[in-house]
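Each of the next two complexes has subunit A plus one more chain, namely subunit B in the first and subunit C in the second.
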Partner chain A sequence: MARQVLRRLALMLATMLAASLLLFLLFELLPGNVALSELGPYSTQEQRDLWLVANGYDRPVVIRYLLWLGHFVIGDWGNSRLFMAPVAQIVGVRFENTAVLGFWFFALLVPLSLGLGTLAGMRQGSWLDRAISVLCIVTTSIPPFASTVLISAIFVFSLHWLPGTSSMMDGFSYRQLIMPVMALVLYDFGYIARITRASMAEVMATQYVRAAVLRGLPQRRVVLRHALRNALIAPFTLLMLHVNWLISGVIVVEYFFAFKGFGSLILEASLGKDLYLLEACTMITVFMAAVTQTIADLGYVALNPRMRRA
Partner chain B sequence: MSAAGAEIAAEVLPPPSRGLRFGWIRRIGHSKVATIGLLIILFWAVVAVTAPWISPFPPNLPIRPMASAGVRAPNGAVFWLGTDHLGRDILSRIIWGSRTVLVYAPLATACSFVIGITAGLLAGFKRGWIDEALSRITDLVLAFPALVLYIIIISKFGASGINIVLAVTLASSPAIMRLTRGLVLALRTRAFVAAAQLRGEPAWRVMVVEILPNASGPLIVDACLRLGYVVITIGTLGFLGLGLPPPDPDWGGMINDTRKFALVFPHMVLFPCLAVCSLVLGFNLLADGLRELVTED
Partner chain C sequence: MLKPSTLLALDDVSISYHTRAGAVPAVTGVSLAIDEGEAVGLVGESGCGKSTLAMAILGHLGGRGAVVGGEIRFAGRALAGMSPDEIRRMRGRGIGIVYQEAMAALNPSMRIGAQLTETLIVHRGTSRDAARKAAIATLAEVKLPDPERVMDAYPHQLSGGQQQRVVIAMALLPEPRLLLLDEPTTALDVTVEAGIIDLLNGLRRSRGTAMLFISHNLGLVGQLCERVAVMYSGELVETGSVADMFATPRHPYTMGLFSCIPRPDLPRREQHLTPIRGQVSPPNARPPGCIFAPRCDWFQAGRCDAVRVPLEAVDLASDARVRCLRWREIAPEPRPAWEALATGAAEQTILAVSRLDKTYQLRSGGAVVRANQQLSFDVPRGRTLAVVGESGCGKSTFANVLMGLTSATAGEIRFETTDLAKLPLDRRPALLLRDLQMVFQNPDETLNPCYSVGRQIGRAVRKLGVERDRAGVQARVRALLGLTRLPAAFASRRPRQLSGGQKQRVGIARAFAGTPKLVVADEPVSALDVSVQAAITELLRDIQRNQDTTLVIISHDLGFVRYIADRVVVMYLGQVMEAGSAEEVFAPPYHPYTEALLSAAPVAGLARNRRIVLSGELPSAMAPPSGCPFQTRCPRKLGAICETERPPEQLLAGGHRILCHIPPDELGRVPPVYAPEETLAVD
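Up next is the complex of A and B:
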């Protein structure tokens, strides 16, 4: 087990290093791009050349990469041209907002999708199973950009219950958080619920669960004590891998609701061609993805004893 | 994860056979879900092909701004779904927009599958350093959230149909490679593969003729799901302003252009939304129905 953990951690570091090299080559291989991004399109070639020399961009690529990586590791991420402030500071504030959004997303998603999936998988083929399956397949067919529009049409424009933007101009407000969280959960719960259902149905058909039923144990006990433990292995792995999906999802939802979060920051950085900000944002997403994938893999091994010797 | 993939794969694999198994195509009619999905997709395919004849107005022609559904144009024709903020007929734009989606989504999916299957076959069958190298590249690409990858690529290389296809191929072929690799790992130790090797069949033939047809079921189901997902991706890029350049209609772009007016003119955003959702639903239903048919095989 310990060897497996170490191997997986090494793999995680290697992935992050490779991703950083890829991003560096994409963004900074040609120093001209950096100068263009930092000084803007109206700078002269002479100004850009001077800026490059002054900032050490005349050094060999290998040295520049190592220095860039070093700066990144110690948290010196440069200044954002768009926001006229240190990148680390902006990313910190935005990340915090998205973390709150992400927390409520998972707080709602996990009980809803696992609950529905378990209910449907417990009795395969029942009317409840069919109703849940139809609900899930329809909601997963509504992409986030459409669900934001549709739920706004209902709750904002028709019923006037909720605010249509979540910019939180006058401080944090839970009322403004409802719509973004709802849009994300609506698209996503069906997918997890369906995986849970398939996994649950499979476990319910195994010999040991049938043996438990035949022994005369009450169904509640069979499901909660015997079946769920094994049925939840697959959804757990999936939920961890979902952090990666969430980043894609929040970009759309934050953009629509003008939520000042990490997702909209990535979009602003790339549309505004703010190179240092974009570099920091993408490195953070890769970091988060690599860490959660590692946890998912190790969790899978830890939860499923059959995998330990593999 | 690969071990988990193989575990799942082993359960859905049909018995060995040579040549593609198309039994499930004839039985699509047996699955209500798959039939409904297929009908929805066919509906949009017909709409896309016949766009020049069935669309009542040219898609980019400004006629009468902000007309709601059912209002008549100066020449007497009806705006069935109303017009947008520039006065372009929404029905015509949805009809022409179906062409964008139904050209680029299948094209991008096909490219991803060609690359993903080739890499997966090589990695799963040859093993060794090829497997190691391909798996590490896969890990690397999958470490980027898909939309972040699209945003980086599109904002760096510009928004065009080709770039969207390339970006989707880059982002989705690793997942297809993983799936194929898992299926191949479950198949390569089977007797019919050993028999083919003993007969002296070359490696490519064993991979393409012996192994691939037996792995086709789960791959076809994945292709349907992925088509739906690519439709969402193209819509999302349009919605974020990174889609195809205007003025040609694109469902995601239509939603983004008119969502400012949703408070007063909800029809402008509602109909393109319904168009995207119905097409995605079609692919999801077809995938769901096929999954059961393929497992029966």
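Up next is the complex of A and C:
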């Protein structure tokens, strides 16, 4: 088991290194682009050349990559042209905001989707199963750019219960967090619940669940001890992969509610062609993907004894 | 003497499933009683309602099924009157169940210990420690070595035989009064099966647990039960004591079940398999009158189809009953004489295997599995070679090398003039592909459910280059369907519209698309019902005779092997233990392993001089025993020499070979496993 974990961690590091090399080649192979992006279109060629020499862009590519990587590891991510501040500082604040959003998103999503999915899968074909299925399909089929408008129309403009923007200008506010979290959960829970339902229904039909029933175990025990653990393997992996989805999913929602988070930062960096900021955001996304994939894989092994090697 | 009290009573029980097409009667009017401590066998083909009956006894018919008539009483109480909670308590504590597939019945993500103890904790309120102690004791009682280790293992870490023992231990733990055994050994090797039957017999003696043994195998029923009930299409057609029914089966269906099983104790010229024609009528299309009428050779129009046939007592003395109007008039027909294979002047070798090695490397630099070691044998043209042995002995590896799915590590397989050992499938010329074909074990998995039968056979015809134009392919498909005795109309059917036996016929038709010279059949009948097995066996033999095909059969069913094979190769842990003609292998001198295999064969009416139950598990192929591979389980082990030295290959008369340290004349003095035919109780 320990060897398996180490092997997987090494693989994760290798993935991240490979991704960083790709990113470097994409963004910084041609120094001219970097100078253009940093100094703007109205700079002269001479100014750009001077800037490149001053910033060490005349050195060989390999050295530049290693330096770039080293700077990245120690948290020196350059300055943002757009915000006139160190990239690390800006990204830090924005990432924290999205982490709070993500925490509440998962805190609601996990019990809601797993609970509904399990209930539906336990009694396949019952009216409860059908009701849950319909609800899931309807909510999942409305993408966030539409659902944000819809829920705003209801809760902000008709009922006047909640604020329509979540910019948190006067400090953190839970009231302002509700709408973005709701938009994300509404879109995503149906999907996870459907997967959970299918997984649960499959497990409930297995011989070992029937065997547990025929040993005279009470229904509660059959569901909680025998079925649930095996049924949750698939949704667990999926949830982990959804951390990635969240990063792109939040762009629309954060932008719509003017939430100062990581998603809207990516958008701003791309629109403003802020190269260093974009590099940092992309690297963080890659990092998140690699880490959650690793957790998903290791969790799968932990949940499923058949995957363990002696 | 006081009659023991009745534990389970089924009184005129009828069970129906509710479907969109209306109620489908799965079981009709079954009456059966099991006394305390008694073992009763329930026999019949699949689809006869045996398992439905077992589920009804446990009160678990699901949402669609219901007992629509009669009454089931357990320990004097009617199931219909019990509350859901009472039924739950009856399950496990009153009635335990053991399933066909032990692996599937165990939760893959829970340790064995947790699964065993929870039953006790729930049913008896035992403390965790006491439950653990009891579980360990029961694991020891079912003869599992090292129970402590088993408690901490996950199901996938145990072998099939060990898993089945765990399932039996699990059923026994709450000390039920009745054990339902639903085909508990069907998925196991014969040697392991013999061990489980031994165990069940021992448990009956020590615990006095009553048993309802559901099986399609009359031989196993005979080894375990006192009474048998034969079920056909939802009804009991014959009941009685094992001794009586095995001596004189009265119902044509029972007789059919007996005569469609090939026996390992008789040479094939003395056997003739008579398959039961047709198949079990579906519950909603049962004929009027006798339900067996469409398949019965003694059917009389106007009599058998006139009224429903009652279950009639045979005489006053015994409790034997039979559901046949003509049982007094019919007698088993004498077996027709065997039509001998025309023996050619000189046998010509079509396939010569010599010193074949196949080694698998698990991960680079890691463990090595020697799946095939120094295999050498010849196959004469137009004859049948059977490769037998337990699972994991390397039979399938050999088939894979032969078919080119994997390449040999060393040695050669000469097919006519080509060496196949290192010739992978994709480098074999088209003509060679045509000459070498395969029939698979499970027709359900080898036929594509989306395409019609005709299209699948046609594809083989086209791919093998037999015919190219549309009309030619169609004609060939029709011819192949005819060859396998399927109506031409089947070409447009899809696999799911076919029965298991029909699907296997399609598989055979596909293999014979290019008139192959050699066909490898990997367990061709073991996934089929007994009555169908006989028909498929006959079909293979007929085609072989007509087309002069050579067959290489991979099988663990010794009756089938005796019936069909001319030559036999016995394998153990990747090596040939014994090779020779069927007559030589099935008679002394035996290799001790062959002897154990033969004695374990579960065949009805087999008069055995002894039963050898091999101790221990099959050793891992990664760490084979030193010296003789069989020494760890050999009942005739000599001593140190078996552990240190690889046994010599002893050549006997007629090319018969045995790999053993024991001198051949000593092996020759071993009495035969099967008693001579005169003493047989059953025809």
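As a working rule, the second predicted complex is superposed on the first by the 308 of 310 C-alpha atoms of A that agree within 3 Å, B and C clash if a C-alpha of one lies under 4 Å from a C-alpha of the other, contacts with A are read in each partner's own complex, and residues count from 1 in each chain.
The rule is short, and it goes like this: contacts are C-beta pairs under 8 Å (C-beta built on N, C-alpha and C of every residue); 3 or more make two chains touch, one makes a residue touch a chain.
The structure displayed is predicted, hence computed values, not measured ones.
> Is A:Ala146 contacted by the first partner subunit B, the second partner subunit C, both or neither?
Touch status of A:Ala146: first partner only.
> So in the superposed three-chain picture, is A:Asn230 touching just subunit B, just subunit C, both, or none of them (first/second/both/neither)?
A:Asn230 contacts subunit C only, not subunit B.
> Touch check for A:Lys273: first (subunit B), second (subunit C), both, or neither?
In the superposition, A:Lys273 contacts subunit B only.
> Look at A:Ala99 in the shared chain and tell me whether it touches subunit B only, subunit C only, both, or neither; answer first, second, both or neither.
neither
> Could you tell me if A:Leu217 is touching subunit B, subunit C, both of them or neither one (first, second, both, neither)?
Second partner only.
> For A:Tyr300, using the defined touch cut-off, is the partner it touches subunit B, subunit C, both, or neither? Pick first, second, both or neither.
first
> Which touches a greater number of subunit A residues, subunit B or subunit C?
So, of the two partners, B touches more residues of subunit A.
> Under the touch definition given earlier, write down the residues of subunit A that touch subunit B in their complex.
Residues 11, 14-16, 18-19, 22, 26, 137-138, 140-146, 149-150, 152-153, 157, 164, 234, 237, 244-245, 247-248, 251-252, 255-256, 266-267, 270-271, 273, 278, 281-282, 285-286, 289-290, 293, 296-297, 300, 307, 310.
> What residues of subunit A sit close enough to touch subunit C in their complex?
206-208, 210-218, 221, 225-226, 229-230, 303-306
> Would you tell me which residues of subunit C are touching subunit A in their complex?
Subunit C reaches subunit A through residues 58, 60, 88-93, 96-97, 99, 101, 104-110, 118-119, 122-123, 154, 156, 167, 170-171, 174.
> Given the complex with subunit A, which residues does subunit B contribute to the contact?
Subunit B reaches subunit A through residues 1, 3-4, 136, 139-140, 142-148, 151-152, 155-156, 228, 232, 235-236, 239-241, 252, 255-256, 259, 262-263, 266, 269-270, 273, 276-278, 280-281, 284-285, 288.
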